[in-house]
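Heads up, there are several structures right after this.
Across the two complexes that follow, chain A remains constant while its partner is chain B and subsequently chain C.
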Partner chain A sequence: MIDKRFRIAAVIGISLVFLLAWVFPIVWSVMNSLKTEQDVLAYPPKFLFAPTLAAYRDVLFGSGSILPNLLSSFIISIGTTIVTMIMAVPAAYALARLRVPGKRFAGFYVLATQMLPPVGIIIPYFLILRNIGWMDTYQGIILIYLSFSLPFAIWLLVSYFEDIPFEMEEAAYIDGASRWKTLWRIIIPQVRGGIAVTVVFVFLNAWNEFLFAVVLSGNTVRPVTIAMFNFVSVEQTLWTKLAAVSVLAMLPVIVLGIVAQKHIVKGLTVGAVKGGGRR
Partner chain B sequence: MNMRGQVHFDRIVKMHGNFSALKGIDFTIQPGEFFALLGPSGSGKSTTLRILAGLDMPTSGTVVIDGKDVTALDAKDRDVAMVFQSYALYPHMTVFENIAFPLEMAKVGKAEIEPAVREAARKVKIDHLLDRKPGQLSGGQQQRCALARAIVRKARLFLLDEPLSNLDAKLRLETRIELKKLQRSLGVTAVYVTHDQEEAMTLADRMAVFMEGQIQQIGRPSEVFAKPNSVDVAAFIGSPPMNLIEGRYADGHVEIEGHRLRTSHQIAGSRNVIVGIRPGAMRLEAGGLPATVDLVEDLGDTAVLDLTLGGATLRARVSDGPVPKEGQAVSVTARPEDIHLFDATTRKRL
Partner chain C sequence: MKNTEFTRRAFLKSGVATSAALAAAPSLLNGAMAQEADLAPYKAAKIDWQQFKGETITVAVIPATYFDNLITLAPQFEALTGITVRFEKIPPAQIRQKSVIDLTSKTGTYATHAADPMYYSLYAANKWVEPMETYLSDASLTDPAWFKLDDIVPAWRNANSVDGKLLGMPYDGEVTLQVYRKDLYDAKGLKPADDLQTFVSNAAAVHNPDARVWGAALRGVAGAGQNVYIYSSLFREFGGQWFKDGRLTVNGPEAEAALTWYVDLMRKYAPAAAQNWNWPDIADAFSQGTIGTYVDAHSSASVVNNPEKSKVIGKVAYARWPKGPSGKRVTSIWNWGFPINAALPDKRKKATWLFIQWAACAETQARTAHRFAGPAKRSGVNRISIWQDPAYVGLMRGFGDNFVEATLASLQDDTDVDWRPRVPQWPAIGDTLATAIQSALAGQATAKAALDEAQKRIEPMMRG
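What follows is the complex of A and B.
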């Protein structure tokens, strides 16, 4: 009896430690974004303070507003997501269904691109964009983002397409549907969940991306992940503003995560049990 | 009478790599006929249906529907309807939308779709379920939904791939009867794939028996049952299957395990044969083959006896008279016209 209670207490204790480590950065950001610069620097740290929205007012509507950067992030993320999905859905369907030569190799290649360390390929990308004059442009950054979002999206979607029995497609042909109509009317409605999950992941990856953006963007196209560093300089770090921008940058991610939660959980377990996950 | 729906298969061959799934299939189906493709699994019957549907291309040969060569035509352009073994209902659509789908694809007007769907659903008695999704239906209801989707378009051919095999035994019998009535009332040509000889026997006007990629025999079920043209067909048709024993023919008699039975066959000379006798044609009468009763399966109105006769095992179905006990010695015989003879080497009917 004691043994069991001890076990439960231990599990709760360990969970709390992990939860704290996870939640702390978010709590820290939110708290500091609501403080004044003096309160941030106070030692010992103040847990009770008069909250102010001054930092948010400054970063949104002040002289160094990050609104253009948020807009940049949205354009890049939405653009990447749209182009990725337009190409990934037919590609994944083809990989799942058609007997194309080299299909297995293509599947492996798609996965292998996910294993490369991004740092290793960033210089060639930089050179390519500079040579075609696409540095610091939306099309340039979206093109480079496609190089990792597209394989990822295809890989994720293939398992959803494979889950649909081929007989259902044949039934549609017999019913007089063309291959295109079958894909549109029969297949895609059944992989809606998978498409939703993929859209969320692709969007988030693009939204959170930092390494490529810092090298390939400039003053025209400057996503919010890079713009945060406006508040860090050699002389000082504007902690409240930095925290406010962090919170603003996290907001779409958190909202999207909550909205898509149901689909994401289903998506990650798809294929675990035969016939599970769908519907 | 509807004269659409004539099918002609001309020397259809299907290769999967080096394996020949179909080794030259020929048959003709007349309009309005209920035609069964019967055979064990892997015999090529499903491949034949898929080629007829346009889901598979034959390696060589021609498929003709209503006088037109359709071998290269896509499934969607063949004007055939099909019921799949798994039903293949569209899970994201309601029953109504499922049944309406073929009409939509045929660009039938909205105003005509509604009554047509209701009519098809009424024929298979699911008109009260039109708003449900397939996942909310029982197996039998799903099967009816698949049937309704197939009949709604009034296609010239109605293809069925083992449509009853996922139903439980009782429902299977009920649906079998309804299926036959439905086909009669529609007057449509039906091609029905099954491995269940009883289904084929009861449903089909004619049937083709498939073995190892070839048609062994085509004919009315009663013909195939009465005169199987090879040992393999004889062993496949009938339940319990025909007794097949090695013997020797001479002079109007067959000799089995040293005992003689008279047969109505007249063949010149004497030769080794395989003797076939249906269990139902076996009679417990004196003066026949001496055998021992091994096992009695009492089915209520009839009993099936397992008999040992020298080194051979025979089965007999008796429906009247006293049922012998296990271990009892009996004498079995058959009327001369009930004895089938097959060549011992070619295994063909003599």
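What follows is the complex of A and C.
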């Protein structure tokens, strides 16, 4: 018994250490965002201080407001997520279920697009967008983001589709449902957890992307990841404002994570009750 | 503007370093500043400013107050010339990447961009930018008597020239200076270092980590513009030559001595974290009173004098680089210059030249510096005449003792055009050297081993 209790204590202890390591930078950012520049640099580091919202006021409503950049990030990330999901769900289903000629090759091809280092393809992308006049446009950035979010989403979803027992589909066909109706009514509710996970990842990747955004965007499309750099100028780092922007940029992703978690957990339990094997 | 009677207090109140408020100015000033009367000093030039009316050019700059001031005044340029300017702000690390992509693909996206002087060799080797001479010597485009090219800091012009040809017009620049705590030095009866040995002994004298004062700090973080930026001055001061028998050489006895000095100073007298520090970190630490002295860009004076966070205001003084064993002082000759993209159509190249001429001329330099209506004044103006203008000098004196004198003397006497090796392969070579310096600073390799390794990696780059 002692042995077991010790083991639980050890697990909790180790988890706490990890949790602390993960949570600390976030807590620290939040704290810095509420400090004055002087408090940020204070030694020993201040954990108790008179909080101020000045940094938030400046980055939101000051001259260099990041609101347009947040909007820019939202348009890009939501656009990328919607288009990706519309295309990835049927594609993943087809790769998991249908007897399509060249399926294996298609699967590999999808994965292969993920193997190129992004820096290697940035010049071709730049030239393509430049030639079709889509530099610094939302459709341009979303198109480029699709090139890596789509393969990723398809591969993630395929495994979820494969986990659904074929018998469920057969039952639907016997009841007279078409393939589309089966996909929509039977399969998709089953992979809800998988879809939620994929949405979170695709959104997150698009939201955090920097390299392509910095090269392919301009004054019109300017996501928050790039605008953030205005606070790390060549002259000095404006720590409080940088922290405030970071916290603001984290919020949507955290909210999305919390919302999606409900579905992720539900998806897991559904699978657990019904069982099912890989086909 | 009456700036002749600027005291330190008034100067600091004006918030030289508060870059936060900087962009508030455009909307307020646009209307007022674009008026006809304001353009008179430009119209004194015997050229037709309106000859490229209707053209649109895009200019890439970095987020920095000195460019923000220029952007604020851009409506005046548009009123003067009828040319539309779009500015795009790109973070400093990415502006090089993005402009090289633009130049290499010949898309002409940026008519001009804030360029790193170390990139001109690469630009020249590929003919990506236009020689300035073409435009300077064309009487329909430039009035030499009005523009006064010779008034622009010669060191910066040299830095932006390849084989004697000027490729980018300096807009704003810096030199590296010794910045020190007058109060700490006075208490110990120290003088700012005249040579590197004294720099070390000064650092040792004020070094007192128990009281949270470290003797000195230099940039430690890896990067062609970070640790290499400081190391290159040391290397030259120790008598190092970048080229031996026409071969780029980064190792050898002088290099080892320079790097050993750097490593020893950092180990003994800098905070341990300084290995990963860049200039803003050093300035932040100095402003909190924890560093006795550092050598870095003169423009960092605005950070250590920022009333919002500095605790050392009134205790800061400046001096030139300490002399090295070779007897030389070697400061940096960094500047942001504007080149003309060779991929542009002819007419737009000329329109771009008008923009560059406007940005680099004495009138605009003054209007973006001491005569700027917003809070942020520039400390890197490109004109010798402005550095001698009492209105500007009075303002700059607010940064502390000997600031103007040290800056000017460094600009005139301590510059060295071969401060860093100017070769087209610089971006890759700079990175290699940066890694070598870092591994020595971190104690992963001896100075000799690190430099020999760098030499081995650099040789194939120079051949290729």
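The working rule: the second predicted complex is superposed on the first by the 224 of 279 C-alpha atoms of A that agree within 3 Å, B and C clash if a C-alpha of one lies under 4 Å from a C-alpha of the other, contacts with A are read in each partner's own complex, and residues count from 1 in each chain.
Here is the rule we use: a residue touches a chain if its C-beta (ideal position, glycine included) is under 8 Å from a C-beta of that chain, and two chains touch if they have at least 3 such contacts.
No experiment lies behind these values; they were computed from the predicted model shown.
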Clash or fit (per the criteria above) of chain B with chain C on chain A: fit
Which superposed partner A:Pro189 touches (first chain B, second chain C, both, neither): first
Partner chain in contact with A:Val214 - chain B first, chain C second, else both or neither: second
Contacts of A:Tyr173 with chain B and chain C, given as first, second, both or neither: first
Chain C versus chain B, contacts on chain A by residue: C
Which superposed partner A:Tyr43 touches (first chain B, second chain C, both, neither): second
Contacts of A:Ile226 with chain B and chain C, given as first, second, both or neither: second
Smallest separation of CA atoms, chain C relative to chain B, angstrom: 50
Complex contacts: residues of chain B adjacent to chain A: 53-55, 74-76, 80-82, 84-86, 88, 90-92, 101-102, 105-106, 135, 149, 153, 159
Footprint of chain B on chain A - complex, ascending: 165, 167-168, 170-178, 181, 185-186, 189-190, 278-279
Parts of chain C lying in touch with chain A, wherever the complex brings them together: 17, 19-24, 62-65, 86-92, 94, 97-98, 101-102, 104-105, 107, 109, 212, 280-281, 283-284, 287-288, 290, 299-300, 302-303, 306, 308-309
Interfacial residue positions of chain A with respect to chain C in the complex: 36-38, 40-43, 58, 62-64, 122-123, 126-127, 130, 135, 214-215, 218-219, 226, 229-230, 232-238, 241
